[in-house]
Structure formats: structure tokens, C-alpha cells
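Presented sequentially are two complexes of subunit A, the first with subunit B as partner and the second with subunit C.
Up next is the complex of A and B:
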């Protein structure tokens, strides 16, 4: 009985704090995405639309680790039973990817473009390897091209 | 030392191949950070301690890779790839590899 109460309390706490954290994060992501719209990124191997000339290349990386909250963990457990979209984790991974890309862009804000971008996702948790999503690490990396004068 | 994750460098030619270079680190988080992360698993949000730890270790792995490339007499590492795997509970391996070349 006590365990059940604990689970319910943790779920409620996770729901509130998780929602607040997510909303705050999404607001900040949207703002920064608007601010960095002028720096395009592509996953092509060669830079796009740039005449070969005097350019400087540099490796840029951005990474973030984001954790689930208790509510999401419970929700995902339920959604696992019925199948279909696991919406609990979709937003988590979406946030992590967009944040990693933004951090990568922030390393070289004056670049003309970032090409050959690769995005990698790893699940980091105590149960890693058993298919559990405790927290995810997303790493985004690419080559920043800056025009040299 | 130029490091990129592309195979070709616009405006430069590769004069010599030196072969594959790599660097890796295995890191475990310390107890305090692990405890905080456990709490965060209830509340949700970014695990700043882990983000820092992983990017620090990745930097170290890259330093090992560039040291190896320097030893071979290369002046650039191209086609760099990163990979991360959790080897045991609470420990992660960061691996970086690329091709050491001489550019002119």
C-alpha cells in the first residue's frame, strides 16, 4: 500500500516538474532556432552552393543529455502494453536532438554553413543495453565552413 | 592540426595517407553525480553533469587521436567519426576515429 502511494506521488511530481521543464525548454529552443536560422546545416558530404575559394573548415560538435521524468516512465510503460506511438519519449528525443544541433551551431555562430552533419543518439542509463530509456545523449557534429578574408 | 568529418577539403589536396588514427576513453560518473541523476530521473530535465562529463571525455579522446596523428607526421585528420557506447552500468566509452593525412 505504501509503495503504491509512493508511486502515485512520484508520478504526480514527475508530471508537474516534467511538464514545466519541457515547456521551458521548448520555448528556449524555438527562440534560439529563430535566431540561428541564417546558419544553414546540411548532411551532404560537400558544402552546398559555395564556390571553392578561400575557406576555413573546422569540426564542430554539440551534445546534451536529457533525462526522463517519472510520469513519462510510467506513461511509456503503459504505452508499451498497447503499442503504437510512445508519445512520452518522442518529445524527449526531439528536444535532445534540437538542443544538440543548437549547441553545435553556437560553437561557430559566424560560419556560412555547417555541412556533413551527423547525429548520434545513445541511451545512457543503469539499464543500458536492456532497451531501457533512462536518459538519452544526443551528439551532433559537422564541419563548419567560414569564409576567410 | 585540421580536423574535419569530411573526406575532401575544398581547395586542398591530400599528398600522403598515414592511415587510421583513433582515441578512446572510458569514463564512469562519480557517486554524487549518479545520485543527482537518479533524482533527475524523477523530475525530468537536462543532466548537466553528464553533458559536461561526456564532452570532457570526448575532448580527451580527440586529443589522444591528434597526438597519434602528430606522431605519424600528419597535419590533418579527415573523415572523423564519433561513437558512444555504455559498456557497463554507469560507465560510457567515447571513441573517436579518423584518417590521418598530409595536406598541401
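Up next is the complex of A and C:
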């Protein structure tokens, strides 16, 4: 019985706190995306539209770990039973990906572009045992091109 | 090529569905499926269990303990006396292929019950209102009647399935298991009037066989209906309404079969709750 109550409480807490955290995060993501819009990122292997010349090329990385809340875990568990899209994790992955890119951009805010961008994802604490709350790491990396003075 | 900075208008990577709504729909679906499985399995067990022969019944239910306090609270001496009464009655008259275990429970409740596996519980309150051995024998015969008609196994299917499910989901010793014992008691309570009257018939026959007459067969119901009129609503009435009806039925059955009256055998004093025990109980 105690277990059941614990699960219900955790789910409710997870729903509320998860919602708050997600809304806050999305607000911040949107603001920063707008602010860094001027810095283009591409996944081409070579920089775009820049004649070879006096430029500096550097590796930039941005990574973020976002934890799943208890509510999302329960929802995903239910969706695992019935099949279909695991919508529970969609916003989680979306936030992680965008945040990683933003952090990558933040590493070289003066760059003219970041090319050859790759995004990788790892699930953390996947094997930490049943009932463990999982989290996802997203790593974005690319080559920042900065015009040298 | 020109770079035009622009944010996507819509986020196509996140579904627009409400997670809370999804959660509720899926959860109710899952619970619905579990509930259906529980009902179906329950009916399946009910169906199977009624067809079970007494030997396999004993094997299955030997490992079950109904947490009704019979191990702790039963009076060893009274239980032994009752055990002998039941064994003799079964050997001489009813001849059911069941090994009965009889427990006298120290409780004020005026009731006796038949549990799966051949367990008969007789509560102290019942023993205290018995005026003769014949009357008690009638009650015991009535309980044997429930065994004979397999009444004690009807309705336990859902309880059994619930035990299994709750053990699977929440581990042993949880609230549901505690609730189970009361639910089993309830299933015991829920005998229909038809079942009760069949058990009465069985008990009356056993009484006639044991003593050669049926005096005392209605004493229990008479006492109960008096108690009822006094306004002491006993728990017993939940399952045993229509005392007058049952008395009338027993009487008509006795005259129909030609069962006579005779001398009552006094009840052994040891079976009554002693004054000291009452004091101890407070």
C-alpha cells in the first residue's frame, strides 16, 4: 500500500514540477534561440559561402543532461504497454537537443558560423536498475569558424 | 547562397497531445484490462473450484491461512470438544470425505462459518447462547451442509485471484491481503436463502441421524429472533435473515419426514465462556 501511495505522490509531484521546469526551460530556449539566430549552424562538411582566407576553425561542443520526471516515466511505461509514439519523451529530447545546440553556440558567440554540426545522444543511468529514473544526455559538436582580425 | 535567419514556426518534434489526457486514457485502459482479467479469472476459479473434489481442495487450501485469528485466539479445549463432535457426526451420519478442522474462536460474535479446506470456525458468542448439545449439533450439521453443497467455495474465486494479483503487484503482506480475509468472510456471509435452507435440511437430517430425534433444531433461530426483537442487531442477521421462515421450514420438514421429538442432551459446561474469561476480556 505504501508503495502505491508513493507512486501516486511521485507521479503527481513529477507532473507539477516537470511541467513547471519544462515551461521555464522552453521560455529560456526560445529567448536564446532568438538571440543567437544570427549565428548559422549547418551540418555540411565544409563552411558555407566563405572564401578561404584568414579564418580560425575550432571545435565547439555543448552538452546537456535532462532527467525524466516520474510522471513522464509512468506515461512512457503505459505507452510501452500499448505501443505507439512514446510522446512522453518527445519534449524531453527536443529540449535537450535545442539546449545542447544553444550551449555549443554559446561557446563561440563571435563565430560567423558553425558547420559540420553533429548531434549525439546517450541515455544515462539506463542500467541503474528497475525503477531508476533515467536521464538523457545530448551532445552537439561542430566546427566554429571565426574570422581572424 | 544566402543565410536567412528564421526560427521554425512550429515544433514538429513534439506532439501536441496533452500528456495528462494520454496518461488518464492509458491508465484507465490498463486498469480496465486488469479488472476484466480479474473478473474473468475470478469466474474461472469459481467454476473450477466448485468442481474440485475434497481431496484436492484440502491440498490446495492446506497452505492457506485465513487470517481470522484462529491460530492465536482459538480455545484448545473447546476446539477439541467441537472437533470430536464434528468428527463423530461426520463418521456416523454425514460421511463427507473431508477432514474437518474445527476451531472455537474466543469472540463474542454469534456465528459459525465453513471455510475452504474443511475449516469450521465456531465463535464464542454462538456457544454461549446454545441451550443444548442438540442445538449446537444442528449448527455444526448446518455447516457440514455448506461443505456438502460446496457453498463454501462459491464466490471465493475473485478473492483468490485478487490475492494472486495483489501479491504480484505489491508483494506479500499488503493492505489488500488484509482486506482479503474480511472479503472471504463476506463471501461466507453472502450465502443465498436457497443455500441456507439446503444447509438447514442437511443439518436436520444429520441431527435426526445423530440423536434419533430433532428436538433443539430450532432453538438457535428462536433465540436469535428473540434477540432480534430485543433490538440487539447481531452481525449474524446480515447472512441469516428470515429466522421465522427458517423455523417454519424446519418444522414442516421434520413433520413431513416423520422426525420426532426427544430428550435434549445438555451442553458440556466447558464450552461456555467462563466468568473468569469474561473478566479477562474486560
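Here is the rule we use: the second predicted complex is superposed on the first by the 142 of 149 C-alpha atoms of A that agree within 3 Å, B and C clash if a C-alpha of one lies under 4 Å from a C-alpha of the other, contacts with A are read in each partner's own complex, and residues count from 1 in each chain.
Quick note on the criterion: a contact is a pair of C-beta atoms (placed from the backbone, for glycine too) under 8 Å apart; a residue touches a chain by one contact, two chains touch by 3 or more.
Just so it is clear, the model here is predicted, and its values are computed rather than measured.
By the touch criterion defined above, A:148 lies against neither subunit B nor subunit C after alignment on the C-alpha atoms of chain A.
Residue contacts after overlaying the shared chain place A:72 against subunit B and subunit C alike. Between subunit B and subunit C, more residues of subunit A are touched by B. Of the two partner chains placed by superposition, A:5 touches none, neither subunit B nor subunit C. Legend: residue contacts after superposition of the two complexes on their common chain; A:91 is shown touching subunit C, with no touch to subunit B.
Using the contact criterion defined above for the overlaid structures, shared-chain residue A:13 touches subunit B, although it does not reach subunit C. Contacts of A:63 after superposition: subunit B is touched, whereas subunit C is not reached.
Residues 71-72 of subunit A are contacted both by subunit B in one complex and by subunit C in the other.
Those residues of subunit B that touch subunit A in the complex are listed here as 2-11, 37, 40-47, 50-51, 54-55, 58, 80-86, 89-90, 92.
For subunit A in complex with subunit C, the residues that touch the partner chain are 1, 3-4, 15, 30, 33-34, 37-38, 40, 48-49, 71-72, 74-75, 78-79, 81-82, 85, 87-88, 90-91, 93-94, 97, 113.
Contacts from subunit A toward subunit B in the complex involve residues 10, 13-14, 17-18, 21-22, 25, 45-47, 50, 52-55, 57-59, 61, 63-73, 99, 115-116, 118, 120, 122-129, 134-135, 137, 139, 141-143. Partner subunit A is touched in their complex by these residues of subunit C: 1-3, 5-7, 11, 13-15, 17, 19-20, 22-23, 26-27, 29-30, 170-171, 174-176.
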